[in-house]
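Each of the next two complexes has chain A plus one other chain: chain B in the first, chain C in the second.
Right after this comes the complex of A and B.
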C-alpha cells in the first residue's frame, strides 16, 4: 500500500525537476562556454568564466561585501529580535498572538512596495532626514539612498519580522518551569538567560540565522534599489552582468560560485550544530 | 534548618480572591503537606513560599526573616517540580550541581557534594547521563538531589510523585521520607492524594475553596475531622443528616441517634462514621448499646481482605466493611447495620 501511494509523488517530483532543476541546468551549462557578446555563447569547453569570477577584484570585493553584509545583518537582526521573541513567548497567549498576527500581516506587503516606501522616507529631504534635523542630530540633509547604511536598514526591515516569527517558535518550546527551576536554585534573571534559555535555543537559533543568511545572500531587490547602483553585492553584480552586459557565460559562472559558497557554509554550519547535538 | 511562617497571606487574581487570608506554620524539620482537590490553590500557596507568586497581602517568614517580595534566587529554597524540570542540556551531575555553581561554590567541593548526593539517592552510576536517558523514578530522585544540593532552608515539593506508577510511587514515598528524616529538612509538600499525605506527613493542612480548613497530624485529621469537606476528602466515610436538639442526640425524620459525649450543640448537623466502624447484623448479634439502621444492600465489591457493601438507607447510601466469609449477603437483601455511638463524629459545618 505504502509503495503504491508513493507513486503519486512522482509527477510532482518530475515537475519540480523540470521547472527548477532543468532550467537551472540550462543556465548553468552556459558557464563553461565563452561569451561572444549579445548573449551568444561559444561551443568549446572553457573555464575562463570561472577563472574571471574567482580572480577579478570586482567580484572578489562583491563577494566579501555580500558575506559581510549578510553576516552583519543576521547578527544585528538576532540581537534585535531575540529579546522581542522571548518577551512574546512569556506574554499572555492572547496578547502574544495579536502581536504576532500584526507581524505576519506586515509581511504580506510585497518587498517592492516596502522598498519603494523606504526610498521615499530615506531620500535626501525625506522623513528620516527631516526627523534627525528636527532632533538636531544633523545640520543639513542625511543621505541614506545609495549608501551601505540605507541598504542595511532595508535588509533589517525585511529580516526583523521574519526572524521574530522564527525565534518565537524556537523559544516557545522552552518550558517556563525550567526558568523557575534555575531561579529557585540560585540563578539571577541574567544567569537564567545565560545558562538555560540561550543554550536550549541555540540549535533553533542557528537554523533561523542560516535561513535568514541564505535569503540575504541571494537578495538583490533591496541592494539594487536602496543601493542605487553604488552598493555592489554579488547578486547585484550577477544581475548587471546578465541584464546590462548580456554576458550569460560569466553571469552563470558567478551564480555557480555563489551557489557553491552558500552551500558550503550551510553544510559546515549544519555539521557543527549536528556534532554539538551528538555530543549532547 | 528552618521554620516557615505564613502570616495572613492572601492572593487576589484579577479581582477574584484565590487564596483567602491564611496563617500556617511549619516548625523546624517538619514535613507539612498541603492536601486538597485540584483547583484549591495549594500550588499557588507553595509558589508564594517559593517567590514565583507574590501575595496580595500578608507576610511570609523563613526563620523570622521576612522574605515577602524577595526574588526566588535569594530565598535559599530547594524545590522539586511536578514534572521534575531537569535541564535537558545538562548531565545529571551538572543538574545536581546547578545550585552549587550558581552559588559560586568551589569546584572540587561541588564535585564531592554531587558524588555524595548521587550516593544518597542510590544512583551513583548515572552522573554523566542526560535527563532524557534516565527513567521517571531516577529523574524524580535527581530532582530531589538538585533541590537539596546547596542545603536549602526549606524544601518545597509540588506533586513530585504524580507522574509515577503506583508501585514506584510507594517506593518513592518511603525514599522521600527517609531522606527528609535523615537530613531533617523543613518540607512543604503539595498533593491531592490523601494516602500519600498520610504516609509522609508530620502535619497535614487540608485545603479547599482557597483556604486551609483544618491542620493536624494525619491521625487527628482522620479521627476528628471538623467539617464535612475534610471528613469526605480523607478516606471513606458515611454521613447522616439531621438536627441537634441540645440533648446530645441527632434527630432525623424517622429516628434519633446518640452522639459522642460533649456534643450538646443545636441546629443542623451531620453524623459521620467510617465504614470500618459499622457492623452488619447478619449472623452476629449487635450489642445493646449500638445504634442501628435498616437498609437494602445495593452492591458488594470484593477488595482482597475485605468486602465493601453499599447499603441504601432510604435518605442516603452508606458503605459498610465486612470480612469475606463471615457475612454472606446478596444485593437486594434487607439488612440491619449498627455502630457504637462513640465511633461517630458530629459535624456542624
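Right after this comes the complex of A and C.
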C-alpha cells in the first residue's frame, strides 16, 4: 500500500527533473563559451565570462548591493509582519479572515501596478513630497524616484503581503493552550512570546524568510522602475547584459554566480536551524 | 482590560494593511481623475482633481487582449499545477521510500533559484530547442506556460501536502472497515478533506502566474504579452493613461474571486494550508 503511493511521484518527478535539469544545463553550458554576438557562441571552453563576472567592480558592487538590499528588506519585512500575523491568529476569526482576504486581494495586483502607485506617491510633486513640504521638512520637492529609499519601499511592497500570508499559516499551528500554560506558570506575556512563540515558529519563519530572500535576489522589475537606472542590482545588470548588450555568455555566467550564492545561503541557513533544532 | 492590551497590536495591523494598500488606493484614485497629467516625469497626481470614467472608456484593445491572455494563461497554469501537484503531494506525504527528503527538496528547487536565473535559463533553452529545428517556444503561449508552471507547481504541492498531513488516516480506515471501496474512500472521504489544500493550491498557482513579470519579460512575444509585462512596459516607456483604470478593474475582479473562494472554503482554511508547508 505505502509503496504504491510512492509511484504517484514518478510522473511529476520526471517532469520537474526535465524542466529543472534541461534548462539549468543549457544555460550553464552557454556560460562557458565566448559569445560572438548574434546568438553565435564559440566552440572552445573558456572561463572568460566567469572571470569578467567575478572581477569587474560593476558586478561586484551590484552583488554587494543586492545582498544588502535583500537581507535588509527581509529583516524589515519580518519585523513588520510577524506581529501582524500573530495578532491575526489571536483575533476574532471573522475579522481576521476579512483582513487576510484584503491582503490576498492586494497581492493580485501586479508589482508593476503597485509600483505605478508608488511612482505617483514618490513623484516630484507627488503625495509624499507634498506631505513633507506641508510639514516643512523639505523646501522644494523630495525625489524618491531613482533613489535607494524608493527601491527599498518597492521591495517592501513586493514582500510584505506574501509574508503575512506565510507567517499566518506558520503561527496558526501553535496552539493557544501552550501560551496559556506558560502564563499560568507565571511567565509574562513578553517572556511567553520570546520563549514559546518565537522558538516554535522558527523553522517556518526561516522557510518563509528564505523564500522572500530568493524572491528579492531574483527580482529586477522594482529596481528597474523605482531605481530609474541608478540602482544597479545584480538582476538589473543581468537583464541589461542580455537585452542591451545581447551578451548571452556573460549573462549566463552572471546568472550562475547569482544562483550559486543564493543556493549557498539557503543551504547554510537551513543547516544552521536544523542543527539548532537537533541540539534543543 | 484585555481589550486595551490588544490595542497596540491592532493599531500595528492597521498600519501595515494601510501601508500595503496605499499605492493601490492611489492608483484607484488616479483612475477616476479626469485631468491628470502624464507629461514629463511628474505622471499622475493624488488626490484626484475630479471624478470621471473617461479613462475606463479609453482602454486600448491591446490591453484588454493582454489581460484576457493573462487570465487564460493563469487558468491553464493553475489546472496543470494541480494535475502535477496532486499526485506529487500524495506521493510525498504517504509514500515511504528512501530519499524522500531529496525528492521533496527537488520539488522545491524552483523556489530556491532566483527568478531571473530561471528566466535566463528558460530563454536560453528555448533558443537552443529552436536552433535544433524544434518549435519556437520563445514568445509563444507554450513557452510562457512552461516557465510559469515551473514557478507555480511548488506552491501547489506545498498547499496540498499541508492539508494532507493534517488529515487523519483513521477516517479512511473507518470507511474501509464499513465496507467502502478504495475508490469510494478516495472520492468521498480523502478528497473532500484535502479540498481546502486543493483550492489553496489552485489559488497560489493562479496568483503566481497572473502576477509574474520577471520570467514573462524574457519569454513574452509581441502577440503573447501577459498583462503585467504590458503594464511594466507602459510604466518604463510611454505611459498609457488608462493603465490605472485597467488596474482598478483587475483589483475589483480579484476581490470578486476572493469573495467566491471565501464562500467556498473560507479564508482561514485556504491560508492554513499556506504555500510553504512540510
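The rule is short, and it goes like this: the second predicted complex is superposed on the first by the 252 of 280 C-alpha atoms of A that agree within 3 Å, B and C clash if a C-alpha of one lies under 4 Å from a C-alpha of the other, contacts with A are read in each partner's own complex, and residues count from 1 in each chain.
One rule holds in what follows: a residue touches a chain if its C-beta (ideal position, glycine included) is under 8 Å from a C-beta of that chain, and two chains touch if they have at least 3 such contacts.
Just so we're clear, the structure is a prediction, and the values are computed from it rather than from any experiment.
Taken together through their common chain A, the two structures put chain B and chain C side by side without a clash.
When the two structures are aligned on the shared chain, A:199 is found in touch with chain B, with no touch to chain C. Considering which of chain B and chain C touches more of chain A, the answer is C.
Once chain A of one complex is fitted onto chain A of the other, the partner contacts of A:188 are limited to chain B, with no touch recorded for chain C.
Touch criterion met: A:235 reaches chain C, while chain B stays clear of it. Contact with chain C, but none with chain B, is seen for A:121 once the two complexes are overlaid on the shared chain. Look at A:14: by the touch rule set out above, it reaches neither chain B nor chain C. For the pair chain B and chain C, the minimum alpha-carbon spacing after aligning on chain A is 8 Å.
Looking at the complex, you find that chain B touches chain A at residues 50-52, 71-73, 75, 77-79, 81, 83, 85-89, 98-99, 102-103, 130, 146-147, 149-150, 156.
Taken together, the chain A residues at the contact with chain C in this complex read 2-3, 5-13, 15-17, 19-20, 22-24, 26-27, 30, 39, 80-81, 83-84, 86-88, 91, 93, 96-121, 123-127, 145, 156-157, 160-162, 164-166, 168-170, 172, 189, 204, 207-208, 210-211, 214-215, 217-221, 224-225, 235, 238-239, 242, 248, 251-252, 255-256, 258-259, 262-263, 266. Every residue of chain A that touches chain B in the complex is listed here, in rising order: 175, 177-178, 180-188, 191, 195-196, 199-200, 280. Partner chain A is touched in their complex by these residues of chain C: 5-6, 9-10, 12-13, 16-17, 19-27, 30, 41-46, 84-85, 87-88, 90-92, 94-97, 103, 106-107, 109-118, 120-125, 127-128, 131, 146, 149-150, 153, 157, 162, 203, 207, 210-211, 213-214, 217-218, 227-228, 231-232, 235-236, 243-244, 247, 250-251, 254-255, 257-259, 262, 266-268, 270-277.
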